[in-house]
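Dropping the structures in below, format is structure tokens.
Two complexes are shown next, each including chain A; its partner changes from chain B in the first to chain C in the second.
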Partner chain A sequence: MVFDVFFLQQVINGLSIGCVYALMAIGFTLIFGVLNVVNFAHGEVYTIGAFVGLMVITAMAPPLLAVVPLVLAVGAASGVGLERIAFRPFRRFTDEASQKSRAMREATLLSSLAVSIVTREIMMHIFGGDMQGIPSGYLLQQPVAIGPIMVASGSLVIFATSAVMLGALQFLLYRTQTGLGIRAVSNNQLGARYVGINTDRTIVTTFAVGSMLGATAGILVGLYDGAISPHMGFAPGVKAFVAMVMGGLSSIPGAVACALLLGVSESIATEFLSSGWKDLITYSLLVITLVFFPQGLFGHGRERA
Partner chain B sequence: MRKNAILGAVLGAMLATTAVQAADREIVIGYQAPLSGDRSQYGEMFRNAAQIKLEEFNASGKLAGAKVAITFEDSKDDPKEARNIAHKFLDNSKVVGVIGDFSSTVSMAAGEIYAAEKMPQLSQTASHPDFTKLSPWQFRNITTQAFEGPYNADWIIAAGMKTAAVIYIQNDWGISALDGFVSGFKAKGGKITATEAFNPGNRDFRSILTKVARQKPDVIYLAMFYEEGAAFAQQREQLGIKIPLYGTSSLYSPKLIELGRESVEGLHLATTFTPDNPDPAVQTFVKEYAARFKSEPGMFAAQAYDAVGIMLDAVAKAGPSVTRESLRDALAATSGYPGVTGATSFDPVTREPAKALAKMMVKDGRFQVVTGP
Partner chain C sequence: MDVNVPDARLMPDTLAPPAAFSGRGRRFAWTFLLLAVAFGAVPAAIVGTGSSYLAQIAITTMIFVILSASLNHVTGTAGLLSIGHAAFYGIGAYAAALLSTKLGLPFVVTLPAAGLIAALFGFLVALPTMRLVSIYFAVATLGIGEMIYVVLLNWVDVTRGPMGIRGIPPIELFGWQADTLLSRYLAVAVIAVACVWVLHRLTHSYYGNALRALREDDQCADSMGINVERLKIESFVVATFFAGIAGALLAHTSAYIAPDNFRFMESILILAMVVVGGLGSLPGAVVGALFMIVLPEALRDIGDYRMIAVGATMFLSILLLPKGMLAEGTALGFVRRSFSRGWATIAGGTPVGWK
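Up next, the complex of A and B:
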């Protein structure tokens, strides 16, 4: 291995794939933060975003910027629906014992998994399992040369979107009333309820925002990849989950940093190992983190129920 | 008197029938394939193609003094069904040979019985290496990667390219494709600069491309399917890498061009069957199939069409008094059968097929046959 232009290209390749993971990890972590429950259906929201985007593009051929608000709306709607189907039924009991019940939390986790499987199968039924191509006018695949380094235009768009999303979320969480509510519910749901926060509404808002981000991620990655399929959410979903765990579960900047770290590690590892081994790198990093930093790299001590 | 006349007429009719029977012995070929269930679309294509070939053969008069019929049995892509069918065919003394089944697993389940009871079996699609190793009674007319890899290696060497990087999917098939190509390429004096595996489902090839490009091979050989092939070609274009692409026949799908667009321009591959092949035999088959079944025949229909053709030619060679033994020997002697999937010969020892593949490249947004190296 040599530190040459190819190596630099590998780092850039890693950053672009890390950005894809990060884009997904942001919404994932936001939703995890508020309920402390993994939302397995986030990958399907991402896929829905991509398919709705493609349908709008093929049906009406609008300018790309017009697709985004529509995808955002569909994302918000699917987030609200998801919360209603998979999460709300398990919050019927508001006493402290139920709120801290591990069984209740695991049931929620499984119900989100169920929604994810059903949604994926329905999409398979409607669209088929094949890859669907994106019309060429919308692809974010133009090569951009920065000196000797080649980057796809999509990588830059995804990088910029991740940065904007991260910034906007930090603003929402720390500078607005809604954000204060989300942080309060995340910290202690029962306490938040006692001080007069409408917890249900806060949770729905979080799902809507998180799923908007997820759906946008889906269409952007679809345009960048050039093809979408009902299974496209799975692989980045797993990586986003790993990034979230490494980042300390509820730290959004932590998840983004870890997503970039994963992308760059996978890419550089390809220089030394066969790329068939790259998932090994991801999971080794996860294990090492959990052994030496049980709170995650960017986590802090939190009350565990 | 009247009674006698009737008796005479009946006797006469009977004599006449026996005379016809003596002249036209009925020879039966068994065809087992999935005609119901998940894989029924393949069985349907086989049956459609087989009907066309059988009618052509019986009309051609290649076999004087006998008529050939094909009897179909539905194996449901299930090894248990396949074994029952095998016994049924063996018990029918008119059946001298069997075509099928579809998958390697099912073909081998029936094949064990045919091997023990001595019935020639020809599968149009079973590509597992062990299928033809069951016994001298098993044949196939589909090529495997052990044939295709060296074929492509020869092609690349003939085009003047000496170094290659191989990118392959990490599964049984991908490894067999890698082995086939690498051994063929090295045998011809080529040098392999890198072999890179990727996991099924992977969509990002930028790291692999960057790594491979550093060694500047003359060619990148892709052992993968069209989804990955299209993504690979697009990312190669984005990274500004100009190394030419060659690939396995698994990339041969209209979807490759639909997904990959301009980025797959210039990709080379060799395949057994293409409906665009200008060969008159191919064009006759494509037109006849499209006219009867309202769809363009694909590789599977073509494989079945040729399997039936090879079997019937062997019957013709063995003559009207064909037996299971003489049919096996005639099949083993198949050499240069002019089919729609290329001229097919069976190796007398391993019974593995060798074919002249159609060399194709993507040009102007479609697959076109390449002539010359």
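Up next, the complex of A and C:
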């Protein structure tokens, strides 16, 4: 029987991993939307979120709910800083030739990568390269019974947090002036500037929002897994990037759907395959999707540049 | 081109600068200088110091020169952003290692075979992914690169997984064994120079112009009668072929390979070489490879802070020179001027070729 209890548990675990990917993928999608550039340092924001959470917990031992706003604030700050260092300097070339130039675009992509290398190495110096344990009082690993299924409390917290954050994001994007600005800039940056939107400020806001989501994902995973390291951001970063592209680059619902799909398929794959082969599933899904849907699952057709 | 400098081609003979300073002479001077460094200064330093460390860096640099020049062919010239290049490097390395350790084939067979096997994989990858544009193609190459890495790591029966393959025989040609430091370096350097020369002839030609046209606007190039699909596939196959050659050289010079040599970060390192050197510029790719290999080694004294310095230097070089150290425009201008001057003399003073 396929739908046994164990299988259902794996699906739930997969959904919680998928939620983490989704939180990160949204950050990628938002930033790609406004700038048309992939932010390779997004994984580092996730790591920063986890480490700041750990530092606060070990230093002050606050209640868990107090950690969240702090991580959000640090996430926003690191997003703004990242934009300032890695992206703003490249927007000084505003002429058409530079904006269309592939060399310029690839340069921006690599500048975020260089910043991420520097950040990661600095964190390695401060915290060391090994795994760091989270104090056990904060771990979210207590089993919770829902009918016959046992679920880790961390999964439930991840679901709840993701739901709240997705709701807040929808509200921000569709009910506020700022969200309207973000949507306008992603639609057409030049047009947005013509109608009087402060594009620079909108871009900074987008980075702040995206990085808040990423940092939250980091601390959630830290509490759920119980161990964090300066390298932890790499794998989910790549997976979230894959989810964004599978979803069609500009579609947030698409990115979330694909992130959940990746999470669930990974977690089911561990049941049939040894864990080493798990990543093969993710990337085969990606390649198969792109072969049949060259613009991603939810993307729209190609525009004439 | 600078309008204030009179073009030597347009001057009467009496005013023409001496041959040593004309375009053709200058090109020969540059070529000679580079070859003198590659085959004179570096071997002399290796023999003089007898340091295996120096030889190892020189060999690594040469291998990465091939990698970054080949990535530049597909990403810089043809405009297909590939972030899975290290996987084809890995395929070449494993092909050479397995052919020589399991089947006992000599280097003359394993070197081209590694290139061809990598190119075959490149062709199979290119067929379904060529209709992807921009970032979609990049992510597809990322995915395929990671898939190849996962296979290398987990297919233990064939690749011995994370333990890697040991005891790969050194380079030998018809009985001549490259077993000293100097001969190993020279063998790699000769092959690297040959690869760069082939890529130079491919890039700096009408064929290369067609590739640049499809990079700038593939739809427009298509409407001008350029067979876009075919050119894209060809450029990808050529790039993966040379990546395979580089892999074979790595396998035969280091005698040991493991999957971790061919991870995603390695692809990114190669891409960084191309971008730091100048996207689309072949001399830039060579300079970028030199820079990104030699810089971390030069910074060994600062120990643990080395990677921070590498990241910071990379960031600064991109920030200050976003078009690269040797930008495409400069590089192409130089090649074109020397080409057309060379041809002008051959054709009896009539300017031919590129302007």
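Here, the second predicted complex is superposed on the first by the 298 of 305 C-alpha atoms of A that agree within 3 Å, B and C clash if a C-alpha of one lies under 4 Å from a C-alpha of the other, contacts with A are read in each partner's own complex, and residues count from 1 in each chain.
Going forward, a contact is a pair of C-beta atoms (placed from the backbone, for glycine too) under 8 Å apart; a residue touches a chain by one contact, two chains touch by 3 or more.
The model shown is predicted, which means the values in this text are computed figures rather than measured ones.
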Next on the checklist: Applying the document's definition of touch, where does A:47 land relative to chain B and chain C: first, second, both, or neither?
Outcome noted: neither
Next on the checklist: Quick one: is A:280 in contact with chain B, with chain C, with both, or with neither? Answer first, second, both or neither.
Outcome noted: second
Item to check | Partner chain(s) touched by A:271 [first = chain B, second = chain C, both, neither] | outcome: first
Checklist outcome for this item: Comparing chain B and chain C in the superposed model, the one touching more of chain A is C
Next on the checklist: Is A:17 touching anything from chain B or chain C once the two structures are fitted on A? First, second, both or neither.
Outcome noted: first
Checklist entry - Of the two partner chains, chain B (first) and chain C (second), which one does A:211 touch, if any: first, second, both, or neither? => result neither
Next on the checklist: For A:251, using the defined touch cut-off, is the partner it touches chain B, chain C, both, or neither? Pick first, second, both or neither.
Outcome noted: neither
Checklist entry - Now for A:38: first (chain B), second (chain C), both, or neither, which partner does it touch? => result second
Next on the checklist: Going by the contact rule set out at the top, does A:226 touch chain B (first), chain C (second), both, or neither?
Outcome noted: first
Checklist entry - Just chain B (first), just chain C (second), both, or neither: which does A:186 touch? => result neither
Checklist outcome for this item: chain A contact set shared between chain B and chain C covers 274, 276, 279
Next on the checklist: Using the touch definition from the top, list the residues of chain B that touch chain A in their complex.
Outcome noted: 170, 195-199, 201-204, 206-208, 210-211, 213-214, 227, 230-231, 234-235, 237-240, 255, 258-261
Checklist outcome for this item: In the complex, the residues of chain A that touch chain C are 38, 86, 89-90, 93, 101-104, 106-107, 110-111, 113-115, 117-118, 121-122, 125, 238, 241-242, 245, 249, 274, 276-277, 279-280, 282-284, 286-287, 290-291, 294-296, 302, 304-305
Checklist entry - Tell me, which parts of chain A touch chain B in their complex? => result 4, 6, 9-10, 13-14, 16-17, 130-131, 133, 136, 141-143, 145, 150, 152, 225-227, 229, 231-232, 234-235, 266-267, 270-271, 274-276, 278-279
Checklist entry - chain A touches which residues of chain C in the complex? => result 75, 79, 81, 128-129, 131-133, 135-136, 139-140, 142-144, 146-147, 150-151, 153-154, 215, 217, 219, 264, 268, 271-272, 275-276, 278-280, 304-305, 307-308, 310-312, 314-315, 318-319, 322-324, 327-328
